[in-house]
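Multiple structures are listed underneath, in structure tokens.
Look at the two complexes coming up: chain A is in both, with chain B in one and chain C in the other.
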Partner chain A sequence: MRGKLRIIFRGRFDLAYFFQQLINGLTLGAIYGLIAIGYTMVYGIIGMINFAHGEIYMLGAFVSVVTYLVLSALGLSYIPLVLLVMLLSSMLFTSIYGWSIERIAYRPLRGAPRLAALISAIGMSIALQNYVQLTQGARVKALAPIISGGFTVMEQNGFTVRLSTLQIFIMILTTALMVGFSYLIDKTPLGRQQRACEQDSTMAALVGVNVDRTISTTFVLGAALAAVAGVMVTLYYGVVDFYIGFLAGMKAFTAAVLGGIGSLPGAMLGGILIGLIEAFWSAYFTIEYKDVAAFSILVLVLIFRPTGLLGKPEIEKV
Partner chain B sequence: MLKIQGVHTFYGQIEALKGVDLEIKQGEIVTLIGANGAGKSTLLMTVFGKPKARHGRILYEGRDLTRVPTHEIVRLGIAQSPEGRRIFARMTVFENLQMGALCTDGSTFDEDVRMVFDLFPRLEERRTQRGGTLSGGEQQMLAIGRALMSKPRLLLLDEPSLGLAPLVVRQIFDIIKKINQAGVTVFLVEQNAFHALKLAHRGYVMVNGVITMSGTGKELLDNPEIRAAYLEGGHA
Partner chain C sequence: MSEMTTSHKAASASAVSVIARDTLLTAVVALVLAVPFIGLKSDSVGTALTLVTRWPLMLAMVGAVAAGRVLVSLWRLRSAAKAQRATAHTAAGDAKASLAAWGNSHMKAIGFAGFALAVVLPFLPFSNRYVVDIGTTFLIYVMLGWGLNIVVGLAGLLDLGYVAFYAVGAYTYALISTQAGWSFWVCLPLAGTFAAMFGLMLGFPVLRLRGDYLAIVTLGFGEIIRVILMNWVDFTKGPDGVSGIPRPSFFGAPFSRSAPEGVTTFSDLLGIEYSSMHRVVFLYFLILALAAITNLFTLRMRKLPTGRAWEALREDEIACRSLGINPTNVKLSAFALGAMFAGFAGAFFATRQGFVSPESFTFMESAIILAIVVLGGMGSQLGVVLAAFALVVLPEWFREFEQYRMFLFGAAMVAIMVVKPTGVMGHREPTIRLHPVGKSKKPEAAR
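Entry: the complex of A and B
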């Protein structure tokens, strides 16, 4: 059997084990969802995948580690304040990166063939990875747990289901961000301008929307959300390296496609589903194939339902 | 109010406007007629810089619009209901009107919506319906209503009667007249030459990217060449 793909069922059947995977999957999914929003929003407005978005998330993770180190060097240890500063500085820095990426890699190519913009995006992604590798080193950076503690949710057959404080924190923060962001897009003038550009950028300009500025704003908002995901992952796994953007980026992209690229609720739903798939697959089957599981979903969606679960049916009349 | 002087516009290599001269005075309704592909829609879009004029000037109250970014033009008091209506399809009727009011300070928003709903009661019934699911006529009303929400002094209308039932065409032309009487200058592009020329103070005829004729609405209506080319059999 060596060399053959073997998928072994190795899980347990009890409810407790299932619940634990559910908790883990939702946590992971919330993080993927935050990153997926950036893919979907940028795709919606300029019709292309920002392949450097995973790198933005990676930068967010690094900025949070550096911020933490700086704060501890300064002797600041009040945890809520530390977290707040980590989040804000990550969001600030990645916003600047997101804005610059659009200016440097995409805006000059607007109207050029898609392939050109795609190559530019991939180039940007590689450049950012190398930049972080050079400035931060290639080794994994570790961070001591900042938020510890948790609850035992239930116990069954000697298996305890744990819900950590950190998981609660991640879920509450991501839910709040997603609700807030949906409100921003659905109900505010800024959100309407964003949607107008997405639906017909020429008409948007005719009614007075500054399309270039709206596109920049979209990159900045997507980057800020990815930064939050970066901070969460840093807290959750305790390690970052310059390469984490690639896999997380691909998974969040898969999530966006699964949910329906261009759809905001779709990105959130897709993120949660990918997180659940990954958690359950690792728990019940061979963990080595967990990434394959997520990407098989991408292939299946592209073949059978390219518009994704919540993809927009085209309702325009011409 | 609007003076177009020697405007040339290109789509890539194709020259769609080959030196257009035209003038619209404050308070007028001016109609532009011409065959398919003559360049009428291109002229309206060129006023907004989409596409940009390659040569020539577009003077609006003394200011050259060819140097103004597209999104600033509506702030100068010009609004357009463009070819194809270009309703924001996944926004509601009300949101489309909000988009129209984007360039205003919002202080008169409620009155302006009221005014649009009074002109087009149909839109009020459909205020929460998505733009893309409206009928063609309703979309046309929404496109005009959206343009009015910016409180324009100059309104550009590209074929507002296209695809509408004769009765609705009547209504639309009546409404254009009302809008004009309320003090808005109107530049109207129409295939429906008979109605349009009857309504207009003055008219222009465009052929292949140049203006070939101009005159008062009545002069053009009575002109045998125009009757032959644009009117005979063309109206009820």
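Entry: the complex of A and C
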């Protein structure tokens, strides 16, 4: 027994191994965080879980695959340009999807019972999943790595810690988006309207904020960020299928709840924590149960701190 | 008079221009949305991906969407005009005979007629094995729908992981019967008890919180159960599933051609000739009985204090709390009872199939059961039956559209919610009123 354990754990408690998991977890967390922002913003403004948000992220990943194929058919191979076009086209198309989804499935239900909107969202999610399956096929799309290369950060007992260029790219892009996004929400008129609607949409409408347009903008922004996450996943894993939105959406929602739903920094923090938990769980425990770990965390958070790490307690009024 | 016609003309001209504008906008958006998904397709050729273009298909789809938009606009215009006329003639309120109203006023008669039809179904001339099999599947979903109706329809708790309790019931019977050899009739109550216990365990921490959190936690729980069933190979046999689950017997008389020494087969017991249909029909009646019990239970519960507390809690939690109802306990009772019925249905499923695997308990199952409850109209027992028929039996007839089934299913969920947020048979009327409204005689009896 001892010997078996030693074999299982050999190398696992090295610093190098730990660092590698840290890097992987942070990368994964950045992706979850970007999706979580969409959940948290929509929840903040209309108090609804946008169940189809995971699907939006999946759409973003597919658009990026198609864009990449178009670019390679056109003969464009300068990598930074390819990446830029992939990101922009994915954000563009996906945000139009986000906008349309809000118009079709959620706007008519404003003021209807909460359950109705949630069920409409679930229906939307099922429809989108099958829409992509019908139009793009059920088979897994595999892309050859676009960004390769990386650095060896450290080495210990024959275990090398690699930080790939792609991971750096993901982290830098996420940080830049987060900074830009926080600026947008904190300092611009658009962000002010968004926050006003979040606090009290009736009052905001009375003082001249166009609530409908603000909600649409929220969906568009959330979808654009989810699209970036979709592009990152396409680049990072190189495989995309119509089903990826479900689990990623669940985990991103967990991240949003963990960070405190309605709070932007909370969503990012929650995303990173979920990414780290998942990476370390698969590294030190069993990889099969990594999804269980994320959900167990969700349940624990809800029991002990329902408002999340950075959330404000909700006051119930009659 | 002429003034009126001109204003009418002007109104219709502006309506036409509005429709034209909306249609154009819809078409443009649809065109943009269709480009990366319908116009361009990534196709796997060997290991590499290639690009396929389908512009004609895309244009056809966009045209279809635009046409659909025109129809929606026209329909809205018509219903708006109707509403206007209705307000003009005040008496029109009474003439509003909708399906829901008709269904609710004839609830008892429809219920009995439906039950009678269900009882005689296996003996009708056109009934063959196929019909009875579909009937059995249909009744499983009706039972699950009724069970979930307690949770979603009556108590207003959104449970997205209902299939987890179904799985608990199915695996309880599958494992106990194959490992310990206990009979179906002993395991049936056990399956329900286990499922209810899981419901209590899950509900206790979460039901103190707001409704949406419950939705997500139950969804997560559904996935956890499935992942555990997949990966705990020693106990659940993993993805291979449990096979060789014993079939139920008729009070100890097995449904087989020949029985071991000292045991009488069902056909010998009744002195009739053996037929493989006996078991199929028996299973059908078994699930019919289980479903009927679920229905009767729900109908009785609605008249008991707990059932009334469920409905009151659904309508206004704060008011309930101020009246001294403990929301957590009341919700917990609904959650656990709903889970119990899923457990019963699960045990039945296991004995019917003779085989269970995690494949049968995906999120899609939960979504279908939820859709049955919601589309039928939350809280309506008859609505559940109609929706189960639409979602389970109709797809059997349209097998060639299998591919489009789930897409249409999701789209229908959205469409029904948008058009009628309370569901097809929905009314959201409390079971009891202090002062009966208008001429409706006895709201209790009507249900």
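For this structure, a couple of remarks:
By our rule, the second predicted complex is superposed on the first by the 301 of 318 C-alpha atoms of A that agree within 3 Å, B and C clash if a C-alpha of one lies under 4 Å from a C-alpha of the other, contacts with A are read in each partner's own complex, and residues count from 1 in each chain.
The rule is short, and it goes like this: contacts are C-beta pairs under 8 Å (C-beta built on N, C-alpha and C of every residue); 3 or more make two chains touch, one makes a residue touch a chain.
Keep in mind the model is a prediction, meaning the values are calculated, not measured.
Applying the stated contact rule after C-alpha superposition, one finds that A:G180 touches neither chain B nor chain C. In the superposition on chain A, A:G150 contacts neither chain B nor chain C.
In the superposition on chain A, A:V207 makes contact with chain B only, not with chain C.
Taking chain A as the reference, the larger set of touched residues comes from C, when chain B and chain C are compared. In the superposed pair of complexes, A:A196 makes contact with chain B only, with no contact to chain C. Contacts of A:I126 after superposition on the shared chain: chain C is touched, whereas chain B is not. Taken together, the two structures place residues 316, 318 of chain A in contact with chain B in one case and with chain C in the other.
Note for the complex: chain A touches chain C at residues 48-49, 59, 62-63, 65-67, 69-70, 73, 89, 93, 96-97, 100, 104-105, 108-109, 112-120, 122-137, 139-143, 246, 250, 253-254, 257, 286, 288-289, 291-292, 294-296, 298-299, 302-303, 306, 314, 316, 318.
Listed in rising order, the residues of chain A touching chain B in the complex are 189, 192-193, 195-196, 199-200, 202-211, 312, 315-318.
On chain B, the positions that touch chain A within their shared complex are 48, 50, 69-75, 79-80, 82, 84, 86, 88-91, 95, 98-100, 102-103, 130, 132-134, 136, 139, 146, 150.
Every residue of chain C that touches chain A in the complex is listed here, in rising order: 29, 32-33, 35-38, 40-44, 47, 49-51, 152, 156, 158, 160, 205-206, 209-213, 215-217, 219-221, 223-224, 227-228, 230-231, 318, 363-364, 367, 370-371, 374, 378, 403-404, 406-407, 409-414, 417-418, 421-422.
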